[in-house]
């Protein structure tokens, strides 16, 4: 056990030295104040030890300058810590715009990672050095926490929603990936490895045994789940055109069935697309009837990620054609009279 | 802190029969008892407050379905209950007044009438809940689930057909309900059913907790009424009556918040 | 009646004119079991609590022993994963709800508060006994949950694991906590009314000893916070039984809502645990420095400030859950605000010692330990209120070390200081100073050995609630477990020498330490059943040492 013993974790990401520097500052403050208190306690105890039972010390009720001093100095130090902390925190939580995107799904008791190019891994995460990587996370069951101590980052992985974290690795090597939110029996075994590689090695790894990419899988689902029957992308469409909508502002007319102010828009990110698939009524695009059925229970989290990856990649004119295998759904044939039924 | 040579001789003084041994004066005892009841009611505010907080959050998250679900509560019965409870607070206040003026007989009587009003309230609630159980709105295993969506859809379809002929708050017969194998149904509406069920869960939790407080209140009022008839209370010592009055008024106020929040969410129009 | 000369500046050994044990006192006036089980005497109720919470502490400690034993090796070889998970859950629940939260208020508060304010009892003695039986019933229900098979959710009961996935006895345990919560609420209510309405003549608010201020602040937190956890556990139980989706996202619920509701109480709860210790420390340092407490008003206000601020910082437990960064910033800033009053207290206590006449009795040794460990624990909180570092440290052993420094190094040391300080008053006996000081020292050393390595483990990234861990963490874990064995000895020793002293200890005079507060100067050791014959009248500020703090009790 001694061979592997370490005092401090590796610094393997761009943010790690920032966090460590802040930590060092707080450590110094802690050590100084603790030493001060310790030394004064012992010092006063010795210096003012009881020498005579008959001696009554003179009372000391207060000393304004001293009290102001020991109030304001800590306030000042705390403000420094707070501001510095916010600065480091904003670097931790705000990813750069050009970050490479990965997806991770946590479930009892494993991590399933998906690369957009198609590679899938379990309990392992291969990433290239020197490039920002953003991981979008969700859980299939309980709350987990995706934690990489060498990068100094972690993020809770919550079922029913997406969360994300980002990092840029600065050192090749293998690092620990932990689940840091208690999630049941095998919580301690829900660990993995983060493997940081040189860019060339990473590309080589990607091309080995990759399945067809997430987006391609998503395209297959787009037809299998009959999205294409309404989102046809042409004049007969019964549903909005999804080409190029990713990260655009979409005008919406109803929220949860309630009509809202004209001109309200929603930002079409991953979460919005996921929400529209599972809760189609949540935000209905302006100018369209709310007739989309929900896919709750019909898609897994991984399939959702693949469909979203496909929609993200969908450019003008690329909607696949509807064929005989994907007939118009019955709801449109019934010509339902009421707009409110949904 | 130190004492002087003066201390108070407090043994051997005449003890009022209602003065507990650890208190010095009746006034101190009265103040302590009243302050104690107010502090207890403060904890009750926080107790109900947790439920109100959960309710508020979901009410805004699922506003449409909560309104729909609220429309299934009987507003007439709810309003009747509100009136009953306010009347019971009146009789309680009269009981307190009688105890302050030394009228033991009417103290006891007004207290019993308060219980009677309270029982009427619970009777109305029983009628409401029995109906909800019957139409599968209890959020347990019996929850209507898919039926919820059926009714919503069928009810609206029925209203469309009757052309606004003042369609009452009636539930469609089986024959009006969309067939289970209709391809337009199935998974759709599960989410709405979940949201409506959440409303009903919160409704039953909050009103059950309220009803539980009323039941405890009955027991306490009953005990105090018994002592009142025995002549235990007088203008010098009436704080138990006053304090049970505080408790009962609090129970009333909780209902005054519950009623609009739960019953009056939607417009209840045309239902 | 002994007269007290206000001009006297000399200090004579106390004439022990009272405290003879052939006298009738609250312990010996009735020996029947019924007189103990149905007592309305706040002093006896305090002792009932003492016995029960000591038993719960031993159980919680045994569970800690099992945990540290398992963590000696990286592999899971001593316990199964499920048993380990149930062990740390039970350890947390028992230590927090059944030991720490009641400890000082229920034992020392019940015993001392009426004595200290010149009252015959608390405001509602029957409610006090009822609170004890609620505590007892809650403990029985919780133990039943353990015997049935335990709970494996962690004491934090996070959803949806606890509401949908866990196969353990969550509802039974939640019921036990619900019941014991009401014990806490009613105890708090009792103390608030007692302090408001039962002070003896002349005892204005700013003449109250600081222990009373601390208990008062604690009681306010107990009163306002505990109902929220009661309702939260109620909703959790309803969800488990009925399967409705309040917290389960598959059914439309929000798992993070649970965390908000849970921490809204559970953060103030940690202030319930530490505030009374801060009060005890004021009393002990004043008495054993024979000097007034520096900055009395500020310390009184700081207790109230900690109680109030404690309610507005809860989401600092949730920085990594995905709350908005703006919310995170607000909670981070507010969390720093709680550190300031705590720091003021520590410096004021040091100023109290300055120029004093300090004796090294066992309570004072514990107070010294408290000063050091509470400071370290509080300062390590700064790493966690700082957003940039909290992300890395959240849910690691750093957190475990931080809260154990405050709760064990702080709260439990304060409790031990209090027990050792008021023991002569409660029992009329003196314990062995040698064994007392030795235990204090062993506890201090064992504690630091156990928990200091965990700060490093946490920074290295070792997550909490792991029963298996990577090999590189073993060295520090072995240190920690070794320290735990020493700590255990330090805690077991008092069981022996204190119990021994109860029966065979040297008899105590009414004020052996020369304290200045009414609990010491106005009662015998042990006190008579109704505390005193004549109600005192207070004319001075507290902690005024004249020189002859002899008892002025007469019979």
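Labels A, B and C are assigned to the chains in the order they are written; within every chain, residues are numbered from 1.
Methods note: a residue touches a chain if its C-beta (ideal position, glycine included) is under 8 Å from a C-beta of that chain, and two chains touch if they have at least 3 such contacts.
Being a predicted model, the structure only gives us computed values, none of them experimental.
Peer 1: Looking only at C-beta pairs that count as contacts, which pair of chains has more of them, A-C or B-C?
Peer 2: If we tally the C-beta pairs in contact for A-C and B-C, the bigger total goes to A-C.
Peer 1: Measuring from CA centroids, which chain ends up nearest the centre of the complete protein set?
Peer 2: That would be chain C.
Peer 1: Using CA atom averages as chain centres, what separation in Å is found between subunit A and subunit B?
Peer 2: 43
Peer 1: Go ahead and note the Å separation of the Cα centroids belonging to subunit B and subunit C.
Peer 2: 36
Peer 1: Out of subunit B, which residues touch more than one other chain, so two or more?
Peer 2: As it turns out, subunit B has residues touching two or more other chains at 62, 191.
Peer 1: Can you list every residue of subunit C that touches 2 or more other chains, as numbers and ranges?
Peer 2: Those would be 254, 543-544, 546.
Peer 1: Can you tell me which positions in subunit C touch subunit B when the two form their complex?
Peer 2: It comes out as residues 1, 3-4, 6, 119-125, 127, 185, 189-190, 192-193, 196-198, 201, 203, 207, 209, 223-228, 230-232, 234-235, 238, 242-246, 251-254, 257, 261, 516-518, 521-522, 530, 533-544, 546, 552.
Peer 1: Taking the complex as given, what residues does subunit A use to touch subunit C?
Peer 2: Touch residues, subunit A against subunit C: 1-2, 4-9, 18-19, 22-23, 26, 29-30, 33-34, 37-38, 40-42, 44-45, 48-63, 66-67, 70-71, 74-75, 78-79, 81-82, 84-93, 108, 141-143, 145, 147, 149-150, 152-156, 158-161, 163, 176, 178-189, 191.
Peer 1: Touching subunit C in the complex: which residues of subunit B?
Peer 2: Interface residues on subunit B, with respect to subunit C: 1-11, 21-24, 28, 31-32, 35-36, 39-40, 42-44, 46-51, 53-54, 57, 61-62, 139-141, 191, 194-195, 197-198, 201, 205.
Peer 1: Show me the residue ranges of subunit C that touch subunit A in the complex, using the header's touch definition.
Peer 2: Touching subunit A: residues 9-13, 74, 76, 81-82, 85, 152-154, 156, 158-161, 164-166, 249-250, 254-256, 289-292, 294-296, 298, 320-322, 325, 328-329, 332-333, 336, 339-340, 343-344, 346-348, 350-360, 368, 371-372, 375-376, 379-380, 382-383, 385-392, 394-396, 456, 459-461, 463-472, 474-476, 478, 543-547 of subunit C.
Peer 1: Show me the residue ranges of subunit A that touch subunit B in the complex, using the header's touch definition.
Peer 2: So the residues of subunit A touching subunit B come out as 256-258, 278-279, 281, 293-298, 329-331, 334, 336-338, 340-342.
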